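Sharing a structure below in structure tokens format, with a few things to ask.
Labels for the chains are A, B, C and D, by order of writing; each one numbers its residues from 1.
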Amino acid sequence: MKLIADISIIPLGVGLSLSSYVAVCEEVFTEAGLEPNLHANGTNVEGEWDTVMAALKMCHERLHDMGVPRIATNVRLGTRVDREPSMDAKLESVREKMKK
Amino acid sequence: MKLIADISIIPLGVGLSLSSYVAVCEEVFTEAGLEPNLHANGTNVEGEWDTVMAALKMCHERLHDMGVPRIATNVRLGTRVDREPSMDAKLESVREKMKK
Amino acid sequence: MKLIADISIIPLGVGLSLSSYVAVCEEVFTEAGLEPNLHANGTNVEGEWDTVMAALKMCHERLHDMGVPRIATNVRLGTRVDREPSMDAKLESVREKMKK
Amino acid sequence: MKLIADISIIPLGVGLSLSSYVAVCEEVFTEAGLEPNLHANGTNVEGEWDTVMAALKMCHERLHDMGVPRIATNVRLGTRVDREPSMDAKLESVREKMKK
């Protein structure tokens, strides 16, 4: 089952500068072969359900290993079986509608 | 790693009545031993990361097997390593503050 | 337009104990006449769109006034025009399906 | 109070092709002067709290006017008072950390 996910990770108890932790998770996703698309409020990844979820777990584990005591993550998950899901296709489809 | 999760599952392409699908997921979570706490906009579960995530995957799979072509799920995930996370403790802590 | 909302507020830069801030927001929602239903990962409110959104803004403002430098909030919003939306009806509908 | 928001709008009861509705909301945000940044699972906007929230309400209203019976929206909201919030600065900060 393929999964499209939008992941927003908020480390708690480490002050206000969160970017170094977000960068670690980007690396984790990249190492997992997920080609993350970072945006201002999260990152988009697509892949097999188990691959994405294993990377997300590793991200939490790595941040805790770095000393982050608490993490609050928001994830939007999309699966579909009518056709192959694709982030590029989603974006392209909206952009086409906007041209009209 | 223990996980507290708040899961909101939205089946797409099956009309406006979503409660029967939400009920199926409640059953999946219960079968997984997660004692889900249903609320008006999602359900709260707590357990080992792998247990919660396996149940969430099974929920998506079961809904697709029932003919749901597309699913959009929003999940709030909480992990912490400073002390044992607990949904009851979270609620109790807020309620104590509200009494003052 | 009536709105059902599930609001999860995360104050940043104030350490790990967030319950006193959540309690303040519960008070703000109650003062706004919204009868919030607190759960382990957020709070559910229903009311007119403008009433709910004004209360949410006041919650952010009040926390910032208390010294919270940064706030990350996740909100699930539901509106519908086919019939009157109701949190009680949503819950009741799922529970009926679960009995079968 | 300035607001950074990530908005994911899911129209219900209109089948599986949602892109035309997402495109309408992009137009609403653009008309409001918000310069939306569309991504695969939502759109990022920044502006004054009231401006962003008025545009979000108009988006729900316009979709309902188009015949969408029910809408489920997920929003991530960020406010901060320690310094001017900026989506560009957030992205830049993560990218700098990733270079190291």
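Going forward, a contact is a pair of C-beta atoms (placed from the backbone, for glycine too) under 8 Å apart; a residue touches a chain by one contact, two chains touch by 3 or more.
Please read these numbers as outputs of a predicted model, since none were measured by experiment.
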Exercise. Taking each chain's centre as the mean of its Cα atoms, which chain lies farthest from chain B?
Worked result: D
Exercise. If you fit chain B onto chain C using only Cα atoms, how far does it have to rotate, to the nearest 5°?
Worked result: 180
Seminar exercise, completed: Comparing which residue numbers chain A and chain B contribute to their contact, where sharing over half means same and under half means different, the two sides are same
Problem set entry | Separation of chain B from chain C, taking each centre as the mean of its C-alpha atoms, in whole Å | 17
For this session: Take the average of all CA coordinates in chain A, do the same for chain B, and state the distance between these two points in whole angstrom.
Result: 19
Exercise. What is the distance in Å between the mean C-alpha positions of chain B and chain D?
Worked result: 25
Problem set entry | In chain B, residues with contacts to at least two other chains | 13, 16, 69-70, 72, 74, 76, 78, 80, 82
Problem set entry | Residues of chain B that touch chain A when the two form their complex | 1, 13, 49-50, 53, 57, 60-61, 64, 69-82
For this session: Would you pull the chain A residues touching chain C in the complex into a rising list?
Result: 10, 12-13, 15-16, 18, 69-70, 72, 74
Seminar exercise, completed: Within the complex, chain A is touched by chain D residues 4-6, 8, 16-17, 19-20, 22-23, 26-27, 37-42, 44, 46, 74, 76, 78, 80, 82, 87-88, 90-91, 93-98
